[in-house]
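The chains carry the letters A, B, C, D, E and F, assigned in the order they are written, with residues numbered from 1 in each.
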Amino acid sequence: MSDHQIDAQDVRIFCGRSNPDLAQGIADDLGVPLEKSNFRRFSNDCMEVQLGASVRERTVFVIQSLVKPVSEHLLELLVMLDIARNAGARSVHAIIPYYAYARSDIKDAPRISITARLVADLLATAGATHIMTMTLHSPQVHGFFSVPTDVLTARHEFGKYLSNRDMEKTVVVSPDVGHAKSAARFAQMFNLPVVAANKERIADNQVRVSGLFGRQIHKYQRALIYDDEIATGSSVLEVCKELIKKGIMEIIPVCTHGVFSGKSLQSLAAIPQIVEIIATDTVPPPADKPSCLTILPVAHIFGEAIWRNYTRQSIGGLFSYWQDSES
Amino acid sequence: MSDHQIDAQDVRIFCGRSNPDLAQGIADDLGVPLEKSNFRRFSNDCMEVQLGASVRERTVFVIQSLVKPVSEHLLELLVMLDIARNAGARSVHAIIPYYAYARSDIKDAPRISITARLVADLLATAGATHIMTMTLHSPQVHGFFSVPTDVLTARHEFGKYLSNRDMEKTVVVSPDVGHAKSAARFAQMFNLPVVAANKERIADNQVRVSGLFGRQIHKYQRALIYDDEIATGSSVLEVCKELIKKGIMEIIPVCTHGVFSGKSLQSLAAIPQIVEIIATDTVPPPADKPSCLTILPVAHIFGEAIWRNYTRQSIGGLFSYWQDSES
Amino acid sequence: MSDHQIDAQDVRIFCGRSNPDLAQGIADDLGVPLEKSNFRRFSNDCMEVQLGASVRERTVFVIQSLVKPVSEHLLELLVMLDIARNAGARSVHAIIPYYAYARSDIKDAPRISITARLVADLLATAGATHIMTMTLHSPQVHGFFSVPTDVLTARHEFGKYLSNRDMEKTVVVSPDVGHAKSAARFAQMFNLPVVAANKERIADNQVRVSGLFGRQIHKYQRALIYDDEIATGSSVLEVCKELIKKGIMEIIPVCTHGVFSGKSLQSLAAIPQIVEIIATDTVPPPADKPSCLTILPVAHIFGEAIWRNYTRQSIGGLFSYWQDSES
Amino acid sequence: MSDHQIDAQDVRIFCGRSNPDLAQGIADDLGVPLEKSNFRRFSNDCMEVQLGASVRERTVFVIQSLVKPVSEHLLELLVMLDIARNAGARSVHAIIPYYAYARSDIKDAPRISITARLVADLLATAGATHIMTMTLHSPQVHGFFSVPTDVLTARHEFGKYLSNRDMEKTVVVSPDVGHAKSAARFAQMFNLPVVAANKERIADNQVRVSGLFGRQIHKYQRALIYDDEIATGSSVLEVCKELIKKGIMEIIPVCTHGVFSGKSLQSLAAIPQIVEIIATDTVPPPADKPSCLTILPVAHIFGEAIWRNYTRQSIGGLFSYWQDSES
Amino acid sequence: MSDHQIDAQDVRIFCGRSNPDLAQGIADDLGVPLEKSNFRRFSNDCMEVQLGASVRERTVFVIQSLVKPVSEHLLELLVMLDIARNAGARSVHAIIPYYAYARSDIKDAPRISITARLVADLLATAGATHIMTMTLHSPQVHGFFSVPTDVLTARHEFGKYLSNRDMEKTVVVSPDVGHAKSAARFAQMFNLPVVAANKERIADNQVRVSGLFGRQIHKYQRALIYDDEIATGSSVLEVCKELIKKGIMEIIPVCTHGVFSGKSLQSLAAIPQIVEIIATDTVPPPADKPSCLTILPVAHIFGEAIWRNYTRQSIGGLFSYWQDSES
Amino acid sequence: MSDHQIDAQDVRIFCGRSNPDLAQGIADDLGVPLEKSNFRRFSNDCMEVQLGASVRERTVFVIQSLVKPVSEHLLELLVMLDIARNAGARSVHAIIPYYAYARSDIKDAPRISITARLVADLLATAGATHIMTMTLHSPQVHGFFSVPTDVLTARHEFGKYLSNRDMEKTVVVSPDVGHAKSAARFAQMFNLPVVAANKERIADNQVRVSGLFGRQIHKYQRALIYDDEIATGSSVLEVCKELIKKGIMEIIPVCTHGVFSGKSLQSLAAIPQIVEIIATDTVPPPADKPSCLTILPVAHIFGEAIWRNYTRQSIGGLFSYWQDSES
């Protein structure tokens, strides 16, 4: 389907067990087979991985999303990178569609870890020579990596998917002022205004939204809530309450990383005003996907970035933090 | 004046040429002499530094603010760290009250540098084993450093200074939604509400503020504009225009790092509603300081942190990114 | 109980969640409190740890056994080391009573990982400046660590515990010729002969024992089967079959690391000739400990090693791979 | 003779002075010239090496066996790697047919060095980006290297050479239980049984063999003693005594690395039952080679591995520690 | 003009702001465009650079001379190297025609920095994988770099330019005994004798010359004063005084790096016996170039070295410290 | 004899086999025992070292001169440093009185190694955290080390020893213009003039001296030839010929490192005008020391430097490259 032309003898694509469908999609997009790996476990619970194809002097890609169980998937990725390096790969690329630890990006209490930095260092230690990921919790996390790193975006995917929708009387809502800029880049694609909620996080799964920043909300009928990830969904839920109170009649939460922990998806689906929830497949969709959940595939975005990288083309146009006007 | 008790034979304090008064203040606070250094320049413009006291097996502090000319001051700092390390210091602490490069913290255009990370790596290469700084442009920059780093705050200093002011009908304004959380920590000290401006940066010295997020502004008479640094002052000026339009009658911009480049200070002072501008001395105050500019000294904050570090006490209470309720 | 005298203000002892009882035992042995840590989990499954006491300029010990779930416990340890380093600890000691990954010590198939080396590198990356562990799967694993590492032994503990037993007509059996030397050091304490089984590992949990190496087995009535770890117990079971066939009437399996995965403990306990199973608490004992299982505590061995290290005494006498005659 | 096709302009092969014949053999196998190097010595005994051909942007191989004088040959290798790296080689491959320091692989006494790890680190410091070697003293030593390393085997060579021999009533003997697994892989080629001697090393050149592990020895007439290296030959001699006592009438010691220090070769040749001694040329054969000593060349094994590496083929089939059934 | 054939799609050439004409010359020599870069400055004086063309998987050259302001140009270079590395360049080559910090090459006073080493380390930290420079203050500085480094010479350029001059009764003068060997290599091209002045440096810009070493000077009429760099010109001036005193009637100072700080050029031009001053364009010539100053271009030397490096040819013939007889 | 007071429990001094007398002298000066080490050799020629005293959490000094056989002594030193680091030493100081590889300090031919830099890197890899040495071949070699390094001088020792000599009509001669500055520092102690010979090195052991630089030589009767090291003595011999030709009647060669290779000492002693040869014991004196050879001990210089370092005093006064006027 894609017209990418990569020498299948020159590259090797492997994946961990976190998101095999996305990995297969990326391989398909590049016209390169997704190689098998064997995953076993010693009786003392240590993992044992064997890559299923020679990597000698080849460009190797290892695809792994840091989804639940995160520690297990992270270690699996580290082991696979280590194997590729020590088996003589020319370069070792970690493709991490969802970099979960990006949420540990500041030290806002004493004696905690900025784990997003620690994990970036572990990846380099294990042998990654290049990293590709998508939309980090904050754009500064990019600076945590010591090897060249590309942060891709699914924004244009959302743009294409929503391009034919009626955007009359629609407002884009950022559930957190800290992500308002990212929401603005999203809104710019449709020439929509942006408001940001004044979220106070009481606990990891409890937030209080005290009023909505920005333009007067009652002028609008529809809201696109735009965020990088939805986990417990509590932010979105609180924002929905406020929006509904202000008269919004149609709500579409849009996020890159649809983690949807616990009962979050059911809670969101239960709100009548939520007509659709849009996410990508950086996180594998739940088995019991509700009908209102739309999953947009991102395999071709990674495929495109790998192809451009391989063929020495600029991949800036796929980057997360650029204004489109700059690309 | 302070009751800190450091063995003056065990530590050595030096400073570069960026902010000698602050350095002297820190040394005075600790009751330790500020050692001399010689600064010369080869005829080919290369700098040559000589530390004026033996550092052998001692704990060494080098104090340097990255103020204009930044490259010169940065290189001076790197050279001084290198000297201390190679002359046998036991540990080498870079005290950087103003880490100017924190503003280069994201890659929001292709082929630019996250220079805040690069400089963090250069400091480690030159021999820094520990870094102390104050209020970074974004809290994530903390994660760029590969050696232990403490990020202090002047927030409590502002709190003490303003503690007797009439805070009736006062609102705290964050000129940028990205810094609203930091403004909230500030506002919390006085139990004040917060609004954030919707700043769009058109160029480095040109911003457009399109409306104010948060609670209705007309209820208030006074505004404290709180930001990490004021350079061109354009954000503050734009916010002031909006505030005045909305009926605010008294404005006090408050910032940690008073860079005040170009004619910024004059422009701000010329606005009648600005009754006072408050900054600290992380950046040396201008020679022609206008009467409305209040400079709060931070030497004792660094002194306290150094002393606690030296005497194995927790310095968490001085950190920038904690909620006070957590300390 | 122990007469160790460590300045409790100078050291900090923390532990992960793998083996808190052993950690408490070590702290008690040293007369130093075991500090609390907070363990939480983000809604996206990322872990978040907070150390409960200041580590600034202190000697910090983090105790963690790599028991099931190994990935989780390993990452927890890495995060805790990272916190200690970045919060200004003077030195960071990882105490890893059971280093499970030592079993991945050779590359006996293409494209697998010598994970014991990878994990050693990850520990250094996370900030460990010194490592203490006990009896590795093979003595060469010691050479995988890039920071100073001490490998302790519980051999003398077994010696003390068994010192009053009747050792007439007793033979020591090594279930694997690769560990025969280690069994010999054990046997030397009681002046017993050693035989080694010719184990062929068919799969991780399936072995075939084809005859017993060494002296004629029918001369003996009792056998002490000595191994570094018992996981599935299949090696021991196979050896038992052979021993019983040869007329041995009393069998005591002895191991340092009692992993006892699956139904292994029940299977062993069901063999009438097995009168006792002896292990240490490097791995926490199972909740439903059968009466035949004796767990020897090793907290005081680690306490002794830490104390000697802290007080600049040689700890060679506690090392795993020495002949006692050499100590 | 070999059909390897390497672009002679793209690679450069050099060798130190330890084993020029083997180096020439490897170069011949690849159809690439062995470049000259100049070796001189300053009057203060420092060595000075000059590589005789440009290495700029080329794949460079430096061949050196760590034979006597080991320190001299090791330093020579380090200097040659350093030259290649700094003269702009694209990659620098150290080919070390005999890695003598592999014998220092455990810390079995206090305050000794695991020198096999130290030397691995020195090789990386000097610029090696990849290492090839043959049969290490223990398979774990593989994990000591921080750059990708391939450990080749001469086992198949022995297999070919002995393939037509009468193997009736023949047993394979491992002189050390620690190497029994390696002997088993050797025995498997001929479907022969294995026994292992219970060697106790009294000193580096003195061992005592107390009985033979494994199947009953009197059933056999011939023995192949299989070991990684023969240095003083004392282990083999002791084993021979035992074997002869048990009635063995024909003995063939087989080893990869024929160090044959002192009078070892003469002592072995003097035993009437020893009909042949087989070794490879990883160590240069002695000038006065006795007629019973057969030296099998291994140049083509290294040539094959280099060629496969260069042409991106898997070299797993040449690895030392695999079971053949797995390859 | 040059017949170099480099794939312009495979390499990218950028330059800082120190010496754009030389950079253009190098690009022209290679037939590759000199890519644009954008240089801006934040209002807090931090620099911001953007490379103007994609570097992904390409060989990247960044050209920068460390001329005044040195700190600014050094930091600019570090930032550009960092950008290239992190944007995915295959290799990053720093071309530094004038490495000004080479003068800080010894520690001849306590607590000073061997800054030439520090800067070499900073370049590696920023991402340089290879360095090219020209004639260092002392040849040992080459050993300060941790990445492969080529030190080129302009000697042959001087040779060509002066090849038709009347060299009767001419002597080569080294203003410093420490550089006499380099002067000898220069003199060898014309078969001229060499004398060296006994320079004592009183201060950076003040020297005393006490007599001239070497052959009797009165036999000569012309002198070529040969040095690596002329900054204040005080050494040359002092030497001239001595030479004139001894009866020399025509003097030509020749240097690689014409820094010509302050009024140095005017002072030299004012001496009637100085008939010409020869330098190269590693340092950009002054705007008000006096007629007696001849600037020899070196772009084609760097072009040649880059081309040879790119096409895997030896570049030894362009090296600074070889005797021509050895090349 | 010395009044140094070091806690003998806090430090450990070991030495390799190159210069045990000097090591004993240093230990005596510090009042600390010189600990024993065991040196053995595997039968395959690999060395094996065991340090004879616990180093845990202690300051460890390892003393080794890089004299013949240099490779052996270098590797011995590397192994001893590795042992100290891995056995838990707090800091590891390599004391290298004679750093022979300093002579490989420039790349004056293609594809050679700047081995002085390589060896400096190897020392850091092996675990040295600090280095002390004496008078390097060129002062720039100091910059090759990546750990803090102190370069001591024996100049004052020569000064003391010669202080009562009649220095009338005496001149100091530097056999190489490259070392004239060092000779000048020596001459300054006696207020003597300096001349430098114009040495051309034809081969490592063959030089041609073509005339003497500097002041007219016939005014003098005595000459002190001052050099860093005398190996073959060919430079000194050539200089002597010239001096004798010019009428000098008494010659005293003075050097720090008396390597005296081959028959050099006999050749020098055979010249009637050479009344005395002075060297230090950084290199162990020859067994058959001729009566004209005076060896000045330097143990107390190293002792003093260690003591000052240990007690946090400046050791600048002992440095090699300072002018005395600066100390």
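Heads up, the rule we're going with is that a contact is a pair of C-beta atoms (placed from the backbone, for glycine too) under 8 Å apart; a residue touches a chain by one contact, two chains touch by 3 or more.
Worth saying up front: this structure is predicted, and the values here are computed from it rather than measured.
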Tell me which chains count as touching both chain A and chain B. C, E
Which chains are shared contacts of chain E and chain F? B, D
Which chain maximises the distance between its CA centroid and that of chain A? F
Measuring between mean CA coordinates, which chain is farthest from chain E? C
Give, as an integer number of Å, the spacing between the C-alpha centres of chain E and chain B. 40
Rounded to the nearest Å, the gap separating the Cα centres of chain A and chain E is 50
So, what's the distance in Å between the C-alpha centres of chain E and chain C? 62
Distance in whole angstrom between the CA centres of chain C and chain D is 34
Sequence positions of chain C contacting 2 or more other chains: 54, 86-87, 107, 109-111, 114, 314, 316
Please classify the inter-chain touch graph. Allowed labels: line, ring, star, complete, other. other
Can you give me every chain pair that touches, using the contact definition above? A-B, A-C, A-D, A-E, B-C, B-E, B-F, C-D, C-F, D-E, D-F, E-F
For chain F, which residues count as touching chain C in their complex? 9-10, 54, 56-58, 85-88
In their complex, what parts of chain F are in touch with chain B? 130, 148-150, 308-310, 312-316
Can you check the complex and tell me which residues of chain D touch chain F? 40, 42-55, 66-72, 74-76, 78-80, 82-83, 86-87, 100-101, 103-104, 107, 109-115, 118, 121-122, 125-126, 204-205, 229, 231-232, 259, 261-262
With touch defined as at the start, can you tell me which chain A residues reach chain B in the complex? 105-111, 114, 116-117, 138-144, 151, 177-178, 180-181, 184, 194-196, 198, 211, 213-215, 314, 316, 319, 321-323, 326-327
